Every structure is written in structure tokens, then in C-alpha cells.
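Structure provided below as C-alpha cells; questions to follow.
By letter and in written order, the chains are A, B, C and D; residue numbering begins at 1 in each of them.
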Amino acid sequence: MTQKIRICLFGAGEMATIHAMNMISDPRVSMAYVVDPSKERAEALAQATGARVVDLDTAFGDPTVDAYLIASPPRTHADYLERAAATRAYVFCEKPIDHDMGRILTCMAAWKGREGRVQLGFNRRFDHQFVTLKQAIAEGRIGKVEQVLVISRDAEAPEVEGFIHSSGLLRETAVHDFDLIRWLLEDEVAEVFVMGDALINPAYLTVGQIDTTTTALRMAKGTHVTILNSLRAAYGYDQRIEVLGTLGQASVGNVPESLVILSTAAGIRGEKPLHNYHQRYAQAYRTEILAFVQAVASGGVTTPDATDGLRASAIAEAANLSMERRASVTIMADEARRDL
Amino acid sequence: MTQKIRICLFGAGEMATIHAMNMISDPRVSMAYVVDPSKERAEALAQATGARVVDLDTAFGDPTVDAYLIASPPRTHADYLERAAATRAYVFCEKPIDHDMGRILTCMAAWKGREGRVQLGFNRRFDHQFVTLKQAIAEGRIGKVEQVLVISRDAEAPEVEGFIHSSGLLRETAVHDFDLIRWLLEDEVAEVFVMGDALINPAYLTVGQIDTTTTALRMAKGTHVTILNSLRAAYGYDQRIEVLGTLGQASVGNVPESLVILSTAAGIRGEKPLHNYHQRYAQAYRTEILAFVQAVASGGVTTPDATDGLRASAIAEAANLSMERRASVTIMADEARRDL
Amino acid sequence: MTQKIRICLFGAGEMATIHAMNMISDPRVSMAYVVDPSKERAEALAQATGARVVDLDTAFGDPTVDAYLIASPPRTHADYLERAAATRAYVFCEKPIDHDMGRILTCMAAWKGREGRVQLGFNRRFDHQFVTLKQAIAEGRIGKVEQVLVISRDAEAPEVEGFIHSSGLLRETAVHDFDLIRWLLEDEVAEVFVMGDALINPAYLTVGQIDTTTTALRMAKGTHVTILNSLRAAYGYDQRIEVLGTLGQASVGNVPESLVILSTAAGIRGEKPLHNYHQRYAQAYRTEILAFVQAVASGGVTTPDATDGLRASAIAEAANLSMERRASVTIMADEARRDL
Amino acid sequence: MTQKIRICLFGAGEMATIHAMNMISDPRVSMAYVVDPSKERAEALAQATGARVVDLDTAFGDPTVDAYLIASPPRTHADYLERAAATRAYVFCEKPIDHDMGRILTCMAAWKGREGRVQLGFNRRFDHQFVTLKQAIAEGRIGKVEQVLVISRDAEAPEVEGFIHSSGLLRETAVHDFDLIRWLLEDEVAEVFVMGDALINPAYLTVGQIDTTTTALRMAKGTHVTILNSLRAAYGYDQRIEVLGTLGQASVGNVPESLVILSTAAGIRGEKPLHNYHQRYAQAYRTEILAFVQAVASGGVTTPDATDGLRASAIAEAANLSMERRASVTIMADEARRDL
């Protein structure tokens, strides 16, 4: 029997647990270590996965680790990525690499030439619905793409307190949509305009946050993209895409909790969309991690990689700038590439 | 300018009013007479349509009448049809011709050879949705038809009192579905099985009525047809058809009150179907009457005609027999034809 | 019997014909005159409606005319409106009043204080689907509105030649959407950003035209509105609205040609949306004109009125400016009001 | 660590493989033996599951076996069930127990008093959609049930040759629907009428088979049930249920391959239903086996059990009789119970 792939996990929260459980369902994987400031959480997850709780130095000092899985808070990502760069291991890193573009660039420098050994956690690329949508486009079913609409709304907005340390809707949430668009259209964002407001909860403004954005992108090939983001939709997690092309439109709607339809005096009632990202993207999270394991097992290249993380964050950066200026901001894709 | 088509209307109730108003929207039509036992109702409708209230003898005695429109209670249909047979006029007659098959046959005898001058009120044949469905089948889009489903449910069941003088669910309501199937499939019913019960209101049994039937038909060409009838559907008037063929299925669902969808914490809510036959078949009633006017104007043949009325009632008759016997009953289409 | 409402119609093309036929279905209306440079077209329409073909001076010189219906080319609207202002008659005027804001304002000056005697042809306000949507919002079914999406795409793009004399997608087509939003939300547009391109046919640029726009509006009450316009959708005339509020979302989809669903080896196929504005808005055109007739008959106030025409054009003007500047443009609603 | 549950599997075909793979995903399970006449298939499945290939006597002679999983051809079920009855083990048995009611009854006699240790393979009871539907009914969302429709069609009909040894559409396919109805409505079938024909392939008649049935059931509580079965639907595996009650209707439609909608000049096209039972019921198969493992692990009672297998077959038996007689056949539920 071949040797198992040894994984070291940073984080023991919700996302870390999802990734860990999906990972160990692959018989090739052995969860070696869990690192988390909360001893209790770390021990619980270590026990569930057959791992051992260790500190950072042990984690990065063990040359038998094949892959680091970074699912700790965003502020730690860049540091851990840099330390992992000194090892021979692969990394799976939750988005974003960092809040700050400068920090992302220095971190990327440490991985120069090996960007394909860092997989970024853009799970939606692995969703069955979106993959099927991309295939339909790639097969030419709708011709050349002209106008795209992405609706991406959370079901429940956070408390103001829980929002203080966030790098914001554009950098933390919309960044998924920016990556999705690059992947779906196989094209780069050339120009971005964002209108942003705190319409759900004006108190967000006191901590420098907004909750509703309307984003218009012009892609390098000319395609128009609109992204509607909101931190609350009373009917659940709203995740839809529509793509207009010369020959027609391809779209994906929400995935309902069940297909039961109730027809009563109150109307014809279908079920709400699956309520949150755990539920809606359960299959995508599993597939994404298994793709990473496969890359590690085969010594292959990961996708989406570190460069994809950089690109998505660069769009978020420009988006924030546009919102301030009330004007569209040009993204020089080539410049961005040269920076790597 | 050519002379107007002179119409004599029997009845001044709901159905008579719908037909009258649709008729006078055709500039070729002049409403000459209204006949109804209720003076008040008759006068109101006469005034609205520019007609004069007369008695039966005047109505049938005027040789300038081009067409009689019979929308009076079912028990009067056969008598009026017979009297009209003695004139040169066309007749539009609401279904059924009569409750009793023997009476229908003697009445038909009076129209022998001129069945195509009597149009029966099977309005659904003129509904845009069903016409489009029939076209799809006729164009071979689903191949040879194998299995058909008709769901036909009223929104609100009548009071027991209001149901006493009815000839029953099968003869008065399902008769529409029997005609629809003959027309849609261009085929005759060879065999019928009916399961019938008073599930909505067991008190219906005290007046010899039922409210729920499940009907299985075997058509002459072999096709299976199921008809689900009910006198109540809490969500509105339920009128659907599904047709399975060798190449696929063609179906028509309900027409909602509007296309507005409300997505809230309570689910994804569409509007109910249009609530009753006025609303659901408003366009079909208009088209049916204008087709009749056109037949009168051109001296053409009406469709559906008196023979279609006979056939549908013959199926209802067999259906009642099947329900009693708890066994399927064979309909000899050729025999029925010879009876004409 | 009371005297008929005498109408004078300018134009004898497609839109003029729709309005004329709807108008004469109201028994109170008498079509008096038709004015059109094409004698042939004018005579045909005059004959169909019982009118007489006259020249402009006769049309404006007859004091018995109760209402002018302006459905001639846009460049004539302002002139006719001004001449009509010298009479006692009401006016129904197709949008836009003019291409040029200055010209609109001088024209409006002639109607100062009587704006409510000029009805602008914003037909979508009378569409059953949109009226039901507005009611749902007004009833508070979705709470306070936050984010709105309007998709408005023609089925077939014009030839380049046919597009030369147009005042453009924003002034001629999107102007409908601008009015719709003001009406639906009962709010004014405060800020507009537009991204515009010729993606369908780059040759449009040679005549100064574009075919695809993505518009973001910020309303006076803060609501975000996105409008996606395109001159071509291979699947038909695409007319949809989605409104997100604190309690949920209300939306209206397209109206299909029929409800027939074909399920075959090729998939589950529903019918395309009604193909053009005649078909999709047939009922709205009828209701709009009958509302105008009612205003004339009762001496009431029309809606939408001349001011609504001005407002919608002012938004189109700002939209064009935004597109050039690649930045959002503020619309001072109060300023605009003062200009009247 | 506790001892593993030792399983012995009969069969190594498609269904056996599905069950085996689902079973070993439960860490409590150890696949001990595989028994199949095809050495090759048996070895392959044994290797994939860590089991050993043995003969029947070894299989039934090992007292450490905790559960037998019978997924061999139907004609073997009763024999294996009887041999297993002599052991202490639980049994999971694919439906039907046998073609012949007499054989089923003698087999049941061997399990008298222990029917709850035999789980029958009625997988649909574990489907998320149907479970949610049953909950809605149980919660009273549609009131008292009146009329039910089940549509159950295979995507592809078998070759005549492959159909020779089948016990027929009613005994092998519709038996699933009979069980589903008993479970969904928590009621027994009192009366059955079936119309059956070979409409897809008349050659089936040469081997005593039919391909299309229309079934009407009257339940003990009075509810009407219609089941439409067909061995071919060009658009895929068609599995739908509609339940009408006093307060409304609850329904479940098909599960499509994806939610991608293509809108083109050819119409609005959704994806076909999942194509076969593997795909459509993948989750149900997994849940059903894990429920069985849990029953074995806890020493609990299985459901559906052997009695459910008997009941469903008794309905199929009466259904065949009805088809011959062209009349409805009464099922005496109490009689059936006494026979146990």
C-alpha cells in the first residue's frame, strides 16, 4: 500500500471542519495535525479526524507534511502561506490571501514560479450547476457572450459587531463572484464600477461597512457583467447566474430545499433556496477538496491557484476605489500580470 | 352594406350573457330577441344588446332569425333544438343536449343530415393553450400517443341544494373532458371505467350525486386516457392536460392570475390559477362564438356539431353504468353512429 | 345620446394603427381625421376607422376636435404638441417628446399648468403583470425596497441603416424603463451610471449608436436599480422585473406564447416569450388608450403626463452623459422640477 | 472498539454493487462474503469491498454473519429468505419476495413473529422529495386526502428478450408504486382496477408482457389513487406524485440533471429528469441501507418489513386479476393480515 498524504490543518472552525471531513473521506488522506488557538476546538476536530494538536512551529517544522490546509481567519493567511512557501508542501488556502494588495504581492513573491501549488478556496468553480453552465457556454450553445448577470445574496446579514473586523462585502463576499466570472467567461475584468450603500442596516456605516452593492464590469473581450450583492435575502441564500449570448441565454437558478409544491388558497408555493453556503455548496466543497487531494497525490497543478486569488482581490480593490470615486476604474490586466 | 345576422337568444343568465356580449362584438351581428322566464333578467340583457324581449312562439315564428343561441337550462335544450329544427336557422346550443340518451336520439333525428348546423358549446376546443397542444401533437412532436392525463377540477363545490337538479358530475362536467379528448386525439372512446365517490361532501349521496371521479378510457386506437375530476380544488380551477407519446410528452398547465412571484421567508409563491370558467376560458368563449357567427355568415358547417354532443353524452352514459357495475363498459362507436 | 369624442390622429404606421383600432373599440369615440405624409397609408387607416384624411392646418384648425393622438415620427412630436397647445384639446403623445432636452422644455412651457392634459405613451404602466407587481409592493408584501433589476431586451436588432435617425437606445428604448422605475417605485432617479457598447453589431458605432447597456441607478430614497438593455435576444422580447425588499422579492417573468411544455429526448422545452411589443403589450396598449379616452370623456387628468415625459428624457440625457464620462451623473430632481 | 457488523451479500450485479458500496461507507460495517454464480463478478465486488467469495452453504453456515443482503435475481429471493430464517441474522431483501403469492406466504411463515428483521428494498420511502411530501401531508398542510396521482415511467423499455423472465410490469415495477402509496397515505388498498396494454411494443404480448398500465385504486379510507405506468418515456425517468386534499394539493416533480436553462430561438429548454433509478434515487439507496445497518446495529425493527413486501405483492396480484377481468377487484386487507 502506498503512503498516505499527510495533511496539516490550520483552523478548527466551521469552514475548517467542512474541509477536514471532506478530506478524510478520501482513503488516501491522513490528517496529521490540527493547529488552532482554541485548544478545545482543536482537540475536538483532531479527535474526529484522527489528527494530533500541535503548535505552529511543529506544524511548519515537519518535513513529512504533504499539504497545509489554511482555514484560519483571513488575517493569518498571508503569514501561513509565506511560512509554507519554505516547505515542499502544497497549500489549500481559503480566500482572500489578505486584505491588503501589497501584502498579497509580497506573499505571492515567495511562491513565484510555484503558484500552481497553492489552491485558493473558490468553491463555486466546483459546483455542478455552474460547471454545467460553463460547459453549455464552452460548447457554443449561446454563441458569443454579451451580457452577464450574477445575483449573490446572503440569507441573513451579520450583527454590526460581527462585521467590525471584516475587510468588507467586496473583499470577502463579492470576491467569490469576481473569481466566478473570470472562470466562467475565461476572460479578465478590464473595468469596474460599483454603487454601494448600507440599505439593510445603516449602522454598518459606523464600522465602515456597506451591505448592498450593484457592480458593473466590462471584461477585456467587451462583455458586460452585472453583479448584485446583498447581505440579506429574506427567502434564503440567493445564488443565480444568467448569461446572454448571440444565440440565446443560459441561466442557473437557485437550488430549493425540496421540490415539493403546495397549492392552496394562499397560492402556489415552492420551497425556499437552500439557506446557506454549507447547504448550497456542500457538493462543491467536497469536489474542491478532492480535486486538491488529487493534485497533491499526482504532483499536479492546482486550480484555482494563487494567481487567481491575486486577480480576484485586485478586482475587489478596484471595486472599492470605484465606489469612492463614483466612477469606473480601469484594471490593467497586463500590469497586474507583470507584478507577479 | 350587407344585412346583419339576426340572433335569437334563449336564456339571460351568466352563460347567456357571456355569449351575447361576445356575439355583439362582431359588427355583423344584430341581437334580435331575448327569451327568458325572468322578465327582469331578459329586459336587462335585451337592453344591453339592443334586442327585444319576446315569447317562445314569436321567437320560433320569425323566419328572419338566422340563428338561435340556446343558453337556457339543460332541460329545455332538446325542446328548443327540435323547434329550431323546423326553421332555416343555425343553432348554437350549450351542452348537454339532454340528460337522457333516448331524448338526445329523438332530438338528433329532427336534425338528421343537418347536424353541422348545430354547434355544441364545447368551448375548450377553442382555448389557445389546448389548440397549441393539439397542433404540437398533430405535427408529430411527440410521436404516436400512448397515455393521456386530464385533470379537471372546479374551484368551489356547490351546496347540496344547488346540486339536486343536476344530471351529475359525469353528464354535466366531465362531458367537457370527454369531448376534449375526442377532439384532441381525433379518436373515439372504446371503453370506459369510472370510480366515483362523494369524498368532498358525503351529503351529496342523499341527492344521488358524487363529487370525485377517476376515469380510465381506452380509445379505439388503443391510447389510455385518465381523467381526474373533482368539484373542489382549494387552489382554484384546475385544468391541465398531459399527453405521452413515443417521442415524448406535451403538456399544458394552469393559467395563473398573474406572473408575479413572491419570494419570502414563507417560500416562493406564485399566483393561483384563474378561478373559474369565465376567467380561464374567456378567450375560448369569445373565439367559439365568433366561429359560430362565421359559420352562419358563410353558410358553412359548425364544429363541434350535434353529433359531437351525442358522442360526449354517450360516453357519460357509459361512464355512469361503469361506476355502478365497478367494471369497464365498452362503447360501440359504430353502433352509436348507426343510431344517428 | 351624447356627442362622440372626436379624435384627430397623426401618423398611420404600426403604432398609430394599434392606437386607432383600440380607440374605436370604445363606443364613445369617433375617429375624425388621419394626417400622414403617405396618402396611401393615411387613406387605408381612415377607411378602417371611419375617418377623413386631412392636412395639418385642417387638423389643428378644427375646434371640434376633442383629442389629438400623436403617433407620427419622434421628430414631429414637439411641433405637434406645441400647435395642439393652442387648442382646447387633450393630447396623447408617443414618447419621447423630443430628442433634445432644450426643445422638450420649450415645448413643456406651452403646456405650463396643463401638463395633465397630455398623456405620454408609456404603455408598460398599464400592463397587468406590472400593475399586479406594483400592488404587491404597495401592499408591503416585500417591505422596503432595496435593489431592483429590470431586464429589457428586444428580440431583433435593427439594420444599421434603420438605426441612423434614431436618438439612440437610451433615449428611445430605455426611456420606457426609466419611466417604469419612477412609476413602480414612486421615487425619482438621483444618480445614474451607464456602461454602453456595440456588442451585437460593431457597425452601429459608425452611425453613433450602441446596442447593449448596463445601467445602475440610485434612487432618491436610496434604492439601487439595475437595467440591462440589449437590442437582441435570440429567444424573444425579454421583459422582466425583480424587486428585492426587506421582507423578500417580487418578480415578473416573461409571458410565453403558450403554456405548452414539450418533454423529449432534447430536454424539457417551454415556449419563447411573446416576440415583440405588439404581442407582449397588446392588453397594455388597449388599457392605456381607454384610460386616455376616459380622461377626455370626464375632463380628468391624464397619467402618465407631460411631466413624466420630461423626467424620463432627463434621465436618458444624464445616462448618455454618464456613458461618455465613465462616471455616475447626479440628477437634481428639484432642479428639474423648477425648470418646468 | 466495538466489533464490526458482518454482512453477507447475495448477488454481484448492478443493484448488489450499489448496496455494497453504500454499506461499506458506514465505518461499522465489514463486508464478509459475496455469493454469485459469476465468479468474475463476485471476485471484483469482493475485492472492492474487502470481502471473500464463498458458496451458499458457507454463507448460511457461518453463525457470525449479522446480516444477509439479498440482491440476486427475484427467483432466488424466497429460497434465500427461508434459509436465512434459520439463522439469527437480519435480512435486507430486494423486492419482490417472489412472483407467486403462495410462495410468498410459505416464506413469510418461516419469519412469523420476526417480520421486522427483514427489510424490503422499497427505496422510494427514503427519498428526500417523497419524505418531505409525506411530512407536508402529515402536518395537515393539504387537509384530508381525496385524490392522488402517481406517474412512474422508465426511460427506456427493455428488449423483448430481456423481458421474457420478468414477472411483469405490475409485479416488478408497479409494486414500488403500490408500496409508496401505502406508506405515503398510511392506508391500505381496498380495490384495484387496471387497464393494461402493450402500446410501446406489441411484440411484448408474444412473451406475455405489457408496457403501459393505467391503475385506479380505492383506498380503505376512500381516497382515489391513479397510477400511470409506462416502460418508456423519451424524456427520461418520470417519477412524480400529486396529492389533492381538502385544503389544497402537494406535489413533487422530477429531479432534473441540472438547473441550467437554455433560452434560444428553439424555445426555453430545461434539462431532462435524471435518467434512471441509480441516478434519481442515489440518495434514497444510501439512506435505505444506512437505516438497515442502524436497525442491525441497534437490534431494532426494520421498515419497510416483510409484511410490506407481502402487501405490495398482494396488490400486484389483484391488479393482474383486474386487468384480465376488466373489472375492479376487492382486496380484503383483514383477510390478508390473517394469512400472515
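We take it that contacts are C-beta pairs under 8 Å (C-beta built on N, C-alpha and C of every residue); 3 or more make two chains touch, one makes a residue touch a chain.
From a predicted model like this one, the values you see are computed outputs, not experimental measurements.
Relative to subunit C, the most remote chain by averaged C-alpha coordinates is D. Across the two candidate interfaces, C-D and A-C, the one carrying more C-beta contacts is A-C.
When the contact pairs of A-D are matched by residue number against B-C, A-B or B-D, more than half turn up again in B-C. Centroids built from CA atoms put subunit C at 41 Å from subunit B.
Averaged C-alpha coordinates give centres for subunit C and subunit D that are 59 Å from one another.
Per-chain CA centroids place subunit A at a distance of 43 Å from subunit C.
Multi-chain contact residues of subunit C, defined as those touching 2 or more other chains: 233-235, 247-249, 262-265, 271.
By the touch criterion stated above, subunit A contacts subunit B in their complex at residues 233-235, 256, 262-272.
The touching residues of subunit B, when paired with subunit D in their complex, are 143, 146-147, 149, 151, 153, 191, 193, 195, 197, 199-200, 212-214, 216, 218, 222-224, 226, 228, 230, 232-235, 238, 244, 246-249, 325-328.
Residue ranges of subunit D in contact with subunit A, taken from their complex: 128-129, 132-133, 136, 141-142, 247-255, 257-265, 271.
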